[in-house]
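Once you've had a glance at the structure underneath, I'll fire off some questions.
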Amino acid sequence: MRSEMTQMLRLQWQSSRWLLLVLAVICIGLPQASVRLALWVGGDDVLASGRLLAQLGSTSGLYPFLAAITGALVALTAWNWDHRTGHVYALSLPVSRTQYALLKLWAGAVVMLVPVLAIWAGAWIATAMTTLPSGLRAYPFAFGARFLLAALLVYATVFALASGTIRTTLIVTGVFCVLFIGGSIAVPWIESQFGVDLISPTQVLGEAFTSWPGPFRVFGGSWLLIDV
Amino acid sequence: MHDEIDPRSPVPLYEQIAARVRVAVAAEEYRAGDALPSVRQLSSTLRVNPSTVVQAYRDLERDGFVETRHGAGTYVRAVAAEVREEERIRRARELVRKLLAEAARFGIGAAEIGRALAEETGVASHE
Amino acid sequence: MSEAIEVRGLSYRAGRSFELRDVSLTVPRGSIYGFLGPNGAGKTTTIRVLLGMTRRDGGDVRLLGHSIPGELPGALARIGYVPERPHVYPSLTVADALRCHAAFHHRWDGVWAEQLRRQFELPLDRRVGRLSKGESGKLLMLLALAQRPELLILDEPTDGLDPMVRRDVLTALLDYVSETGATVFISSHLVHELERMCSWVGVLDHGRMVAELPIDVLKSGIKKIRLTDTPVNGHHPPFEVLSRGRDAFETETWVVRGWSDPMVQYFDTAGATVREVVDLDLEEVFVELLRSGREVTS
């Protein structure tokens, strides 16, 4: 399997290297920008920590988003070439379809280390040389790990979706969207008609991602690079 | 041997190949000891199934025109003058047979052919 | 030893009009089997079903003894496939494509691959998507051959190629076959080209097998008879009549199967003389078979 694994890695790299470059640049740059901004807003006085945290908190929402984008785009580039050529080459190879998918999964996860290492490097660079207000510490490692986990989750999900034909991917996404949008309209209407209190789909989705036990919880919680 | 083999002819391809070699031997294009192209070479040059060439060479060996030396290829054998003569005669008759058959389609008889032959070759035909 | 390809009762349906119905074929090991049929007959679909790329509705398929789709990867490791259209990723260079194929096929012959590449004049740094039709055709054959397969399944490998390229590709193929005794299953609607090479012929028309015979039997059995007049006959002929008609010069012409020379008598008694008995080439046989829609089996 070794030659196949190496080759798949090579293919994945070839199909996604520009994407990885762009993501790496953003991942290194974004922490610099947000930390510097927070430090500047924070100032030097007694209330510095509070202001810094508040400022950082307001931009921290970008990171889970970035992690999700990373995971999704890497997953899409994994299947892109096969979709374009109708999967004929892949189907002609002497590996089972499961093996092929696993090889691809592995290759995509490995190249994703590029933006992940970039964000970790970015976080470390942003906080290593600066003096933080008293009582605050930087957590670049935890930050990087959270990013990795979030990206991997989205990667795995989109990978699974994209592994079907374009048709099945669209169908699944379509059904999901319909249910979500439909629910968002139907639920308030039912609530107002019957005076009951139902849970809204947006709420369900939001909670699912951020607090229900399970891997997606990583999207909730603290994305603060600097904290008490 | 670059003659084109005619897949449309009623003669099987292996027979066409064998005949070509026989004619070449009869005309002394191939002399005793000359090597024939390998099966691999000939099948790709003529773009025919290698088994066709194998069969042709087998038939030639059976008829004593060539011999296969294990692992070293196929070589022309010394063929007696009478055998060569016989082969030439056989080819001549084949050509004549074809000619007469074609002529018959147009209703041209053997006598007319004979006259035409005499005229073409400038040789007086014997009655 | 099992056959190279065994198919029994294959059936497949797509949409309302296209189907493969009860397709059976047998490709003996070491043979060169020509899979003929007009465009649209279903040859490419049959091949895709054989290779497990499309799921069939019914029937059995075995490739080199492996049942499909159960033992598909094992079979594919021993089979070289040339598709109708290039299947390699267009963004890869020729060098990348070779490397990729080599990584997945463990019997890859790198030395021979390089030899063929030079012979075919394929530039290493050209992207596959930018290759000309001739170069693509050569690359696909190169990939299939350098794998050193026991069975080659070729779907119109020379379609659209100019004569020089066609010659190069077929020469390399036959060279390999001479050396290894590999089996070849080659589909084409270019009958002339296959005529020289094939030992077996299978004809597909409108999704059904119309004939499957050794090539000599197919050709020798079928003759065109040119007659002087239209026969007025009472009894059943001793041969099978595939078609009757008039040729371009208004001569009564019959195409028959199972002819032997003494059968001239039949026409004599029917008031017509046989002017000529003509052997048909494979293309004419093919056309007659399709026209008569008759089932011919050996």
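Residue numbering begins at 1 within each chain, and the chains themselves are lettered A, B and C in the order written.
In this section, contacts are C-beta pairs under 8 Å (C-beta built on N, C-alpha and C of every residue); 3 or more make two chains touch, one makes a residue touch a chain.
Quantities reported herein were computed from a predicted structural model and do not represent experimental measurements.
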Hey, which chain ends up farthest from chain A, C-alpha centres compared? B
Whose C-alpha centre lies nearest the centre of all protein C-alpha atoms? C
Centre-to-centre distance between chain C and chain B (centres being mean Cα positions), rounded to whole Å: 30
Distance from the mean Cα position of chain B to that of chain A, given in whole angstrom: 77
Between chain A and chain C, what distance separates the C-alpha centroids? Give it in angstrom. 51
In chain C, what residues contact two or more other chains? none
Which residues of chain C touch chain B in their complex? 30, 32, 167, 170-172, 174-175, 177-179, 192, 195-199, 216, 220, 275-276, 279, 281-282
The chain B residues in contact with chain C across the complex are 5, 7-10, 12-13, 39-40, 43-51, 105
Per the contact definition, I'd like the list of chain A residues that touch chain C in the complex. 3-4, 6-7, 10-11, 14-15, 81, 84-86, 88-89, 91-96, 99
Complex contacts: residues of chain C adjacent to chain A: 51-53, 72-77, 81, 83, 87-92, 96, 99-100, 102-106
